[in-house]
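These notes open a run of structures that come right after.
Two complexes come next, and they have one chain in common, subunit A, joined by subunit B in the first and subunit C in the second.
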Partner chain A sequence: MDPSVLIGLAGVLAAAAPVLFAVIGETITERAGVINLSLNGSVLLSAMGGFAVAYLTDNLFWGFLAGMLIGALVAFIVAFSSITLHQSQVAVGFVLALASRDLAYFLGVPYMNIPGPTLPTWQIPLLKDIPLLGPLFFRLDIITYLSYIVIVLAWLWIFRTRPGLMLQGIGDRPAAAFVRGANVNRLRYIYTIIGGAIAGLAGPAYTLNVKPGWMGTQTGLDGIGWIALSITIFGGWSPMRAAFGAYLFSLLQWLGLVLQSRLPGIPSQVLQVAPFPLMILTLLLVNIGNAEWVQRWLASMPEGSRRFFTKLLRAMRASPPAALGVPFESD
Partner chain B sequence: MRVELRNIHKYFGKNHANAGINLDIPSGTIQGILGENGAGKSTLMKILSGYFYADSGEIILDGKAITISSPSDAIKHGIGMLHQDPLDFPPMRLLDNFLLGREGGLFPDRKVVARDIQTLAAQFNFSLDPEAYVDTLTVGERQQLEILRLLWLGARVLILDEPTTGISASQKAKLFETLRTLAGQGKTIIFVSHKLEDVEVLCHKVAVLRSGQLIGESPVPFDHKKMVEMMFGKEISLGDRYPLNAGGKVLELKNLAVEDVRLHMEDIHLDLHGGEVIGLAGMEGSGQGPFIRACSGLLRPVNGRVQVNGHDLTGKSHHIFKRHGVSFLPASRMEEGLVPGLTLTEHFVLAEKTQGVFIDHAKGTKLAEERITSFNIRGTPVSTVESLSGGNQQRALLALLQTPLSLILLEHPTRGLDIESTIYIWSKLKERCKQGTSIIFVSSDLEEILQYSDRVMVFFSGKVTPPLDVATLTTEKLGQLIGGSGWNNLNSGKSL
Partner chain C sequence: MRTRLSTLFDALLPVLATLAALAVGAVMLLIMGVNPIEAYAAMWDGAFGSGNAFAETLVKATPLLLVALGICISFRGDVINIGGEGQMIIGAVLATWIGLTLTNWPGWLVITLSLLTGFVGGAIWGGIPGLLKAYFNVNEILSTVMMNAIAVQLMNFLLRGPMIDPSQAERASKIPQTARLIEEFHLARLVPTRLHAGALIAVALAVLVYILLWRTTWGYRIRAVGQNPHASRYAGIKVSRYMVLALLLSGAFAGLAGAVQVFGVNYRMITDGSASGFTGGAGFNGIVAALFGQLHPIWSIPASILFGALLVGANKMQRMTQVPSALVTVLNGLVVIFVVSSEIWRRRRQRRRMAVAGPEETPPPPVEKKPQQAEAGA
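== the complex of A and B ==
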C-alpha cells in the first residue's frame, strides 16, 4: 500500500480521538438514562481549559486532567439540575452548551494563538514493527492509544460486567432496576459524571495533540459535540458501533481534504461540509425501518425480498435506552 | 415460611388504602387475596415486598418481626414479588435479565447462569432459551422467567399480582401447576387477583379486601355467592345473552393474507353482518394483533381484499377506514388510546368534529358531564385521564367513540378490570350492537369470548379457523384449539 495513504489513515485515527472520547462519554451517560446535551460546550471549555492549564503548568498531564474535571463539572450540573432539581435535561443541556462555549471563548482570550506544550509521538516498541498494522495503529501518541483502550473498556464494562448490566438496567427500566437493588439516582449521578469526564478528554486531545493551541473561534472544534451526540444515536448506544461512527466521520473529513486537491472543480466548501449531511443520511438509513410508509412498502414486496429487507432493517435499527431522559422516582 | 401481617395501616393523603389489616399465612399455603380494582390489594402487597412502608403495623416472618426497607431487601428476607406487568428488561437476553441485580464478582460467569436457568426451567417443565431476547417472549413466559429468577435468588414467599391477566389458558394451567408444586415444597404463595374463578380453583384460603378493609376470610371450599357479595357488597349477575339480529354485510374479507415479522396467515374469509360480535381467541401473539390491525387499515395485507360496507378499502390508510365507520381501541389504553395530561373534557372536545380554532369550554364541560353520567365514569370533567383507574379509562375510551359506527375493533376490552366494570362495558357495547354496529374483539379470557361472541375465530401460530358458531363451542374445545389440537375436524363451524 502507498505509504502516504497509510500515514493519512493513521492521521484519521489520531484525529478521531476527540470525537471518540466525546461519543464514548455520551454513550455511557445515555446508557444510564441521562441526556447530556451540553457536550458541544463542555468539549470547547475543556479544550480551552486543558490547553491553558497545560500551558501554565507546562505539564501535559495536568492539562488532560483539567479537561476531565471540566467535563465532569458540566456533567454534574446537568445531573444535579435534572435528578435533584427535576428540571428538563434538554433545556438545561442546551443552555449549558451555549454558555460553556461562550465562556470558553471569553476566558480563552489570554491564551489565544500562543505556542504551548504538545503531546509527543510515542511509538510502541515491537507493535510498531508489525507490517501494515504497526504504522497504522502504533506509531501515534499516548492519547490516541488511550482512545482505543477506552472503546474496549467501555464495551467490556457495559456488556460484560455485573455493574454494566445494572447500568443498562437503569437506563432501560429504572423501576425494574430499583426492585433489583439499584440506587437508580445515585448511579445516574455517577455515570453522568464519569461520562462527562471521558467527554472532557476530547478538548485537550484536540488542543494538545490533533491541532495544538487555542485559537478562539478559529479552533475548529465547534460543532464536534453535536456530531458526537448524533454519532451516539447512530452507534446504537454501543461503544463499538459508536467508535465505527466516529472513525467514519473522521475518514469523511479526511477524504474531503484529500479530494480537494484531486478535484479542483468542486468548491472546497462542499467537501468540507459533506461529512455532515452524509452523517445525517446514515442516521436516516439506520432508523428508516421505523417509518410507517416503509412498512407499507415492504408489505407490497414479493415474499423473498420482503423477508430479506425486514431482517436487514431490524438488524440496523437500534433502540434507545427506554427511559432515556425520563426522571425516576421510587415512590 | 410463615407470614403474618398485623394491623397494617397505610394512607395516601386522605385515602386510607389499608385499614388495619391482619393476615396469618402458614408456610405451604396458597393464600388468595381477592378484591375489585382499587380495593387495596396491591398496596398491601407492596408493603410486604418493600415498595412502601406501612404507616403502622408489623410484618412477622417465622415469628420474627422484621422491617423491610426496599424490594431488594425483601428478597434478602426471602420475599419475592411478581408484578402484574413483569418488571424485566425487554431488550436484553433472558440470561442477562436473570443476572441483573444478583450480587457477585465483576465478571459474571454466564455459562453457569445459563445452566442454572435450564436446570430450574426443567424442574417446572418450562421451555426457556437463555440466549433468547425477552421481547420475543409472551407475558406468560416472562412470568415463568421471573418466577425462576426469584426462586434462584432464594425466595420462600412468592407474591403474584394479577398473574392470570394476559396469559393463555394453557399457560395459566402451567402456572397453577407450578404454584401447587412450590406450595408442596413448603413455599408460601400469595395470589392476588380480582378473578374469583382463578382463586377458587387454586387457593387453599382466601381473604377478601374491599375499600382498604379486610372484609372476610374463608378456607376451602369457597361459597361463590358469598365471595361475590364480600367483594362488591352486593350480588352481581352476568346478564343474559342477546339473540343475534344480523343486519347487512358490514365487513367482508376475501382471501386475506396478513403477516408481521414472526407470522404469516393466509386464506382468511369473513362476512361480518351488522350487529354481530366476533371473538378472536388464541395465545397472545398468535396473529390476532396483525389481523385486527388489517381490519382497521393500520396494517397493509399482503394479499386479498378488505371491504367495508361494500367499499373496497384494501391498502387504504386507517383514516379512510375511520371515515367508513371503523373504530379501533388498542390494548394499550394509555399509549395508543388516550392522551396523558389531558382532561376528560379535553378528550371529548378533541373527539368532536367541530369547526373553529378556539375551545368552547362551557360546551365542552357540559358534554363531558353528560358522558360521565351516561358512561358511569368515576371522575370529573377536569380529571386527567391518567388519574382514572383502568376500568374508568376504558369507559372513557368507549365514551369517546362516535355514533353511529359500522364496526368497533377492540383488543382486550376488559383486561385487568373487575367483574362489575366488565359487565358494564359489555352492556354498553351490546347497546351498540342493537343499533347495528358490529364488533370484533381480541381476548385471552375464554369465558369472555364464549359469553359475548356470536362467532369465534381461533388463532394458532399463523393458522386461523373459519368463524365458528359459538353455540358449537365449549371452554374445553376452545382451550384445545388455542393449544393447537383438534384442528382437523373443524368444518362443522362453517355456518353463515
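== the complex of A and C ==
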C-alpha cells in the first residue's frame, strides 16, 4: 500500500480520538438513562481548561486530568438538576451546552494562540513492526492508544459484566432494576459523572494532540459535541458500533480534505458541510425501521422481499434504552 | 394573606434568579480584578442609560422575542427546536433576495412580501426536521443543530458567490456581503433612533401566538400532543401532523426574525463565516428568553427585553472595563439555570401548602398549570 495513504489513515485514527471519547462517554451516560446534552459545551470547556492547565503546569498529565474533571463537573450539574431537582435534562443540558461553550471562549482569552505542550508520539515496541498494522495503529501517541482501550473496556463492561448488566437495567427498566436492589438514582449519578469524565478527555485530546493549542472560536472543535450525540444514536448505544461511527466520520472528514485539494472546482463549503447532511441521513436510516408507516409498508410486501427488507432494517436499527431521559422515582 | 404573599413571591422568582446570576457574575468579575459595581453600572448605563440606549435594547430584544414566540409553540408541543440560528439565516437570505430582485416594486409591497418570504423560508427550514421527526423518528434536537450548520455554509456560499455585492465582486477585497437594500425597503423607524417597526410586529405577534395557543383548536392540539401524545392519539389527534406544525411554526418565527434583522437593522447580509456573525446568537438566546418567560408568549416580551438589555449592556461594559462581553452569555445561562431550579422550589412549597390544607381539600391537579411545570424545563 502507498505509505502516504497509510500515514493518512493513521492520522484518521488519531483525529478520531476526541470524537471517540465523547461518543463512548455519552454512550455510557445514556445507557444509564440520562441524556447529557451539554456535550458540545463541556468538550470545548475541557479543551480550553485542559490546555490551560497543561500550559500552566507544563505537565500533560494534569492537562488531561483537568479535562476529565471539567467533563465530570458539567455532567454532575446535569445529573444534579435532572435527578435531584427533577428538571428537564434537555433544557438543563442545552443551557449548559451554551453556557460552558461561552465560558470556554471567555476564560480562554489569555491562553489564545500561544504555543503549549503537546503529546509526543510513542511508538509501541514490537507492535510497531507488524507489517501494515504496525504503522497504521501503533506509531501514534498514548491518548490514541487509550482511545482503543476505552472502546473495548466500555464494551466489556456494558455487555460482559454483572454491574454492566445492572447499567443496562437502570436505563431500560429502572423499576425492575430497583426491585433487584439497585439504587437507581445513585447509579445514574455515578454513570453520568463517569461518562462525563470520559467525554472530558475529548477536549485535551484535541488541544494537546490533534491540533495543539487553544485558538478561541477558531479552534475548530465547535460542533463536535453535536456530531458525537448523533454518532451515539448511530452507534445504537453500543461502544463498538459507536466507535465504528466515529471512525467513519473521521474518515469522511479526511476524504473531504483530500478531495478538496484534488478537485478545486467544488466550492469549499460543500465539503465543509457534507458531514451534516450525512449525519441526518444516517440518523434517518438508523431510525426508519421504527417508523409506523414503514412497518405497514413491510406488511404489504410479498414474502421474499419482506424478509430481506426486515433483516436489512433490523441490522440498521438502533433502539434507545427504554427509559432514556425518563426520571425515576422509587415511591 | 399568606397565599397572596406566596403569589407575589412566585412572580418575583425570575427576578431573584436574575439577581442570583448577577451575584455569581460579580464573583467572577472580582476574580478577574474588576470592580463589579462599576461593571454593572456600565451595563445598566449601556442598556437603559438614555433614550438611545433603551432603543438599542429594544432593537436587540426584537429578534429574541420573535424566536422566543416560535420556541413557545414548539416546546409546548414537546418538540425541541434548536435550529433557530439556521432558520433565521434561511429566512434572511430569501427575504434579502426578494428585496434585491424586486427593486421596481412599491416599498410596502416588497417589505410585506419579503417578511412573508422570510416566514416561509424559516418554516421550510424548521419543517424539514419536523417531517424527519414525525415520519422517520429522527431526533429533532440533533437534526435542527445539523440544519444550522448547513444553513451557515449555504449563507457563506451565497454571499461569496451568487449573491455577493456587485461592487465587492469587482474589488479585490471581496467582502462576503450582499448589496444594500434601497431606502424605500427599510422598515420604518419609530423614533429618531435605530428602533424600527419590527418591534411592533413582534409584540403584535406575541398576542397572536397567545391566541393561537389558548384560543384555537390548532393551539389546543399542539399543547395536547406536547403533554401526552398517547392520549392525544386516542382522542383522534393526528400526532405526527401537529409535531410537524409545531416545528414549522417555530421555524417560521425564527425566519421572520432573520428577515426583520435585514430589513430593520442591517439593510444587507454580511457573513464572518459563523452563524452568530449574522444572528448575534439570537437563535439560541431566544430559547433562553422563552424559557425565562415560562414558555408564555406574553411573558416572553419582558424576558426578551431583559436579555436584550444584558447583551447591549455587555458591549458598554466591555468598552468601559475591558471585561469580554462573553461574560453575558455565561450570565444568560446562569439566569436560566436559576430560573429552572427555582421552579422546583416553587413546586415543593406548593406541595407543602397542599399537605397543610389536608387531603380532603387537595384540589385535583390543575390542568392548565401542569404543562407549565413540565415545560419550564422541557
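Throughout what follows, the second predicted complex is superposed on the first by the 329 of 331 C-alpha atoms of A that agree within 3 Å, B and C clash if a C-alpha of one lies under 4 Å from a C-alpha of the other, contacts with A are read in each partner's own complex, and residues count from 1 in each chain.
Going forward, contacts are C-beta pairs under 8 Å (C-beta built on N, C-alpha and C of every residue); 3 or more make two chains touch, one makes a residue touch a chain.
Note that the structure is a prediction, hence the values are computed from the model and not measured.
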In the overlay, answer first, second, both or neither for which of subunit B and subunit C A:95 touches.
second
Name the contact category of A:279: first (subunit B only), second (subunit C only), both, or neither.
second
Is A:291 touching the first partner subunit B, the second partner subunit C, both, or neither of them?
second
Partner chain(s) touched by A:103 [first = subunit B, second = subunit C, both, neither]
second
Does the superposition put A:322 against subunit B (first), subunit C (second), both, or neither?
first
Just to be sure I read the superposition right, which of the two partners does A:220 touch: subunit B = first, subunit C = second, or both, or neither?
neither
Tell me which touches more residues of subunit A here: subunit C or subunit B.
C
Quick check on the output: what are the common subunit A residues between the subunit B footprint and the subunit C footprint?
none
Would you tell me which residues of subunit C are touching subunit A in their complex?
80, 82, 132, 135-139, 141-143, 145-147, 149-150, 153-154, 156-157, 161, 274, 284, 287-288, 291, 324, 326-327, 329-330, 332-334, 336-337, 340-341, 343-344, 374-378
Which of the residues in subunit A come into contact with subunit B in the complex?
160-163, 165-166, 168-169, 172-173, 175-182, 295-296, 299-300, 310, 314, 319, 322, 331
So in the complex, the part of subunit B that touches subunit A is made up of which residues?
51-52, 70-72, 81, 83, 87-92, 96, 99-108, 259, 261, 299-302, 315
For a test of understanding, state which residues of subunit A touch subunit C in their complex under the given definition.
37, 77, 81, 85-88, 90-92, 94-96, 98-100, 102-103, 105-106, 109, 217, 223, 226, 229-230, 233, 267, 269-270, 272-273, 276-277, 279-280, 283-284, 287-288, 290-291, 293
